[in-house]
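First, the structure itself, so that you have it in front of you.
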Amino acid sequence: MPRLAYLGPEGTFTEEALRLLDPAAERLPCATVSAALNAARKGDADGAVVPLENSIEGAITTTLDEFAWGEPLLINAELLLPVQFSLLARPGTELAHIKRVYTHPAAITQCRAYISRELPDAVVVSAPSTAAAAQEVSLPGSPYDAAIAARIAGEHYGLVELAVDIGDRSDTVTRFVKVSRPQPLPEATGSDRTTLVVFLADDHPGALLEMLTEFSVRGVNLTRIESRPTGDGIGRYFFHFDFEGHVADARVGEAIAGLHRICGEVRFLGSYPRADGVAPRIKRGTADAEFAEAGDWLTRVRAGLA
Amino acid sequence: MPRLAYLGPEGTFTEEALRLLDPAAERLPCATVSAALNAARKGDADGAVVPLENSIEGAITTTLDEFAWGEPLLINAELLLPVQFSLLARPGTELAHIKRVYTHPAAITQCRAYISRELPDAVVVSAPSTAAAAQEVSLPGSPYDAAIAARIAGEHYGLVELAVDIGDRSDTVTRFVKVSRPQPLPEATGSDRTTLVVFLADDHPGALLEMLTEFSVRGVNLTRIESRPTGDGIGRYFFHFDFEGHVADARVGEAIAGLHRICGEVRFLGSYPRADGVAPRIKRGTADAEFAEAGDWLTRVRAGLA
Amino acid sequence: MPRLAYLGPEGTFTEEALRLLDPAAERLPCATVSAALNAARKGDADGAVVPLENSIEGAITTTLDEFAWGEPLLINAELLLPVQFSLLARPGTELAHIKRVYTHPAAITQCRAYISRELPDAVVVSAPSTAAAAQEVSLPGSPYDAAIAARIAGEHYGLVELAVDIGDRSDTVTRFVKVSRPQPLPEATGSDRTTLVVFLADDHPGALLEMLTEFSVRGVNLTRIESRPTGDGIGRYFFHFDFEGHVADARVGEAIAGLHRICGEVRFLGSYPRADGVAPRIKRGTADAEFAEAGDWLTRVRAGLA
Amino acid sequence: MPRLAYLGPEGTFTEEALRLLDPAAERLPCATVSAALNAARKGDADGAVVPLENSIEGAITTTLDEFAWGEPLLINAELLLPVQFSLLARPGTELAHIKRVYTHPAAITQCRAYISRELPDAVVVSAPSTAAAAQEVSLPGSPYDAAIAARIAGEHYGLVELAVDIGDRSDTVTRFVKVSRPQPLPEATGSDRTTLVVFLADDHPGALLEMLTEFSVRGVNLTRIESRPTGDGIGRYFFHFDFEGHVADARVGEAIAGLHRICGEVRFLGSYPRADGVAPRIKRGTADAEFAEAGDWLTRVRAGLA
């Protein structure tokens, strides 16, 4: 039974993601993303589940920077988790009696319409995480009447769900990834994604265009690009790329070898099945069979055969 | 005397930036970036000063999203402010007696080496902002012995500076911008920067490459790119671009008109003098005089003249 | 009645092209392409008709070089003329009695199958032009029994047509152009072509790619590219480009102004209706209305309006 | 002793090129470029020497088309031969007595200044080749007093050289290539050139740009591009490319395999030492060692190693 570290405490959306990614895993809650990843790095866990990006908030920069700078880890699975906030309270609490609500600031932002409509007079206080808010509310002497958190937090802390899916947008999604220490990659499934970190060799005009051309000329489609500061001053960045395909695909391999040649450093972060099951759009001339045929042709040409 | 809103409370790095950008301005501290920008939008202030990015933490996403989605504002100045943390305490406090330190989590991260070396036994507690930490420490009954904050916070709240520049990296910088409601642009100085937000018309493979080509073909060099989620689900992004030059420059004008033609929406966020005074690298054939000469030639050609 | 010079003598395919391009014109046959163009340059004629390329033989390099180096001329019309060779003889001649055939070498090459099938024992002799061959055969004491030439040559020289369309390929086409001294351009018709000559500023790696990018970024599709030596040694070339659209089109104007900026010299050779009536494929964002709208937007942006 | 076919008769510039390329070879003169290449194809000769391009006249289109459409041949050497025209006459002839000159039309064009200055009253008549002109002049009863031809033609036909290097430009050069049936390629020398013919898969907008990008992304610099008609109508072309490097070079191999994948057909015409000895400009990241290192890195990445 694998043991997976995650961003805790119990009841976070990350725990929910972990349970969907690996229902049988033993769960090790950690205080921070860094702590969860370090647990995997040091062998305290077999892997870790952390958030990578959210469709409203954007990238989880701690995760990006850990992947870029920390001891290497490889992503081997991803999950897209709808973010559904519930209004949770101790059993017996009624909506009309809620005067003080506790939750994470992101939840305050994302549930603004519900709060102003249903809880116009409530005071809403910031908590370190939604799960911590639920935990606090579950304490008998808590000064708070309700928490806004994941349903799973309610289950953990014995709270009842007074309202469900109270976010302003019902389609908010967080993308989670499961990582492990370097190990054999998941096999290509035909619907895969690959993630890289790329540092520039020198920051000349056109460097980003050159990187993108390495992808496009081999028909590799980007699905995400994020710039992050290198720490060496404003104007110096490195890049995270997600793109269609598996590193075992010929077009992907040639593209990232091209990046490796022209860039300062390329860190491979994994090839893994896409959570959405979307198949790549393969441009004419870039399928594996076409690469193989071209390789055979080149061998004949180099041998002086017609 | 202009009145400028800023991310408060008094004593923040943003206040320090504001005072450098416009020493004579009346200062209006606001609780959040959004509140400061809204003060400028509604006319409660003539403008606002907000952080845009930090050389360690990266983009200030609230600022990016406000610029993209809120009522239009134009950047008319930028400032690069070295981030120097000071250890601040009530007069009479000695370093050896500091048991509890209060500061913002980013400061905890960035002053890790100093803390473990000089305050190995101190408890460090998270505050909502460095200025708020200083304000709290200044209260006679505060449970905290010291704050880590900007020097300016010490001056505001009557604290003494027990140590200066205690960050792990001495070269950390935050970039601030001054914005106003739309108004005539600052004149081109020869060392300018322009900022844009670009939304894709449709998210096809190669869309980013096409955007970058609109810049590169006119010799316009990017200095920053940030992707942000549109909110419509994982995999849907819009982009912030900073680049060399002023929109009054022919090459910049043609490039952004090109983006405007091929993209869904382009929001212009301003052309303003670069804080670092670096002059653009102008590629052969892209200077204003060359655009003007080519325009004259085209006029003759269209008239059927040889 | 305009007077047009052409590549003679009477009875050439060029004369046929001229009569189709301008049936009412007075015709001035000239000995060479250069002579015909010079007649137009000096005012001995109002214009000239010359061949530009053939679907089998390729470019007529004399024409290309005259357009590039001689006094400027502008193309104002083009014609695609099917090349149909006829077997022409003096009245009374029978196929079975033909022993000696006279024609231009290109016709020998292109009628090879007919000759070996129908005239297996005939001697075929090279003539300076197909029209000159017909003229020679028309002389009573000619040593030749038949000529291979354009039907029009038979009409001119009183020959009968023993066989028609005897070329190996029935789809061979020659493209002719009508030129004049610089004068107001033909109006855009919606199906136009533009022709340019471009000299490099300096012959650096990637120069051709840069030129093509000036076209592609504005959605201008090339229809022909020819390289020609500059005369300054092997490895030094200039380029002829044909592309879709009229110089009055915004996308075309911006593209060629871009070339003018980055190249050593651009010589405009004309915008004129396409002989094939094919409409251009206009990429999103490159129609005139989109350029105009983007120009208006840029004006507002430069004025500091939102 | 190898036997090499060439464009004859004896005394042509091609013979001169052959003697410089392989002094020991037995020489087989042929009437046309096609005949010389066919002699090599059929085994009547071990190879052939033919002209490919001239710095004034441009490409020798017969050669280009033979290479593209005929049975495959491989270029294994090239030569740049200065074209120096001599005025040749029968012994005893004096310049003042020359009334009739015989030579190829290209020589007439290229010696225009000399002829009008030194032979203002002479009649100049067109010959099928400069060597044939010299041969004719050598006959006792020839109606011509002098030929303009290569010095080597004078030696062959017993003529004396009345004037040397009489061309208008003293720097005219013809590029010749030596070809053979497919056989092991010459080894890479560090200063090599490679020649290809490329047919498009489908003639879509941007196809040429895509081809050039396959080269540029691997840092392969083009030295020549020629378009030729496919024969299927005006507007349908295929391409000849010369570029720096040897097919054994990693960057060249990957580039042409890329072309092979995206194009309809790529015909390899050989890698051979450059006549000018110029070394390629190798862009960062495209040397063989960098390709090898990137390949090793990719192998490790695919194995799941960090």
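A, B, C and D label the chains in the order they appear, each numbered from 1.
Here, a contact is a pair of C-beta atoms (placed from the backbone, for glycine too) under 8 Å apart; a residue touches a chain by one contact, two chains touch by 3 or more.
By chain, with names taken from UniProt: A, B, C, D = Prephenate dehydratase.
All values derive from a computational prediction rather than experimental measurement.
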Neighbouring chains shared between chain A (Prephenate dehydratase) and chain B (Prephenate dehydratase), ordered by label: none
Averaged-CA centre spacing for the pair chain D (Prephenate dehydratase) and chain C (Prephenate dehydratase), given as whole angstrom: 26
Centre-of-Cα separation between chain C (Prephenate dehydratase) and chain A (Prephenate dehydratase), whole angstrom: 60
Residues within chain D (Prephenate dehydratase) bordering two or more other chains: 213
Touch-based graph of the chains, sorted into line, ring, star, complete or other: ring
List of chain A (Prephenate dehydratase) residues in touch with chain B (Prephenate dehydratase) within their complex: 53-58, 61, 80, 169, 171, 173, 175, 205-206, 208-209, 212-213, 216, 221-229, 231-237, 281
Residue ranges of chain D (Prephenate dehydratase) touching chain A (Prephenate dehydratase) (in the complex, touch as defined): 72, 74, 182-185, 201, 213-214, 217-218, 247-248, 253-254, 256-258, 260-263, 266, 268, 284-286, 290-291, 293-295, 297-298, 301-306
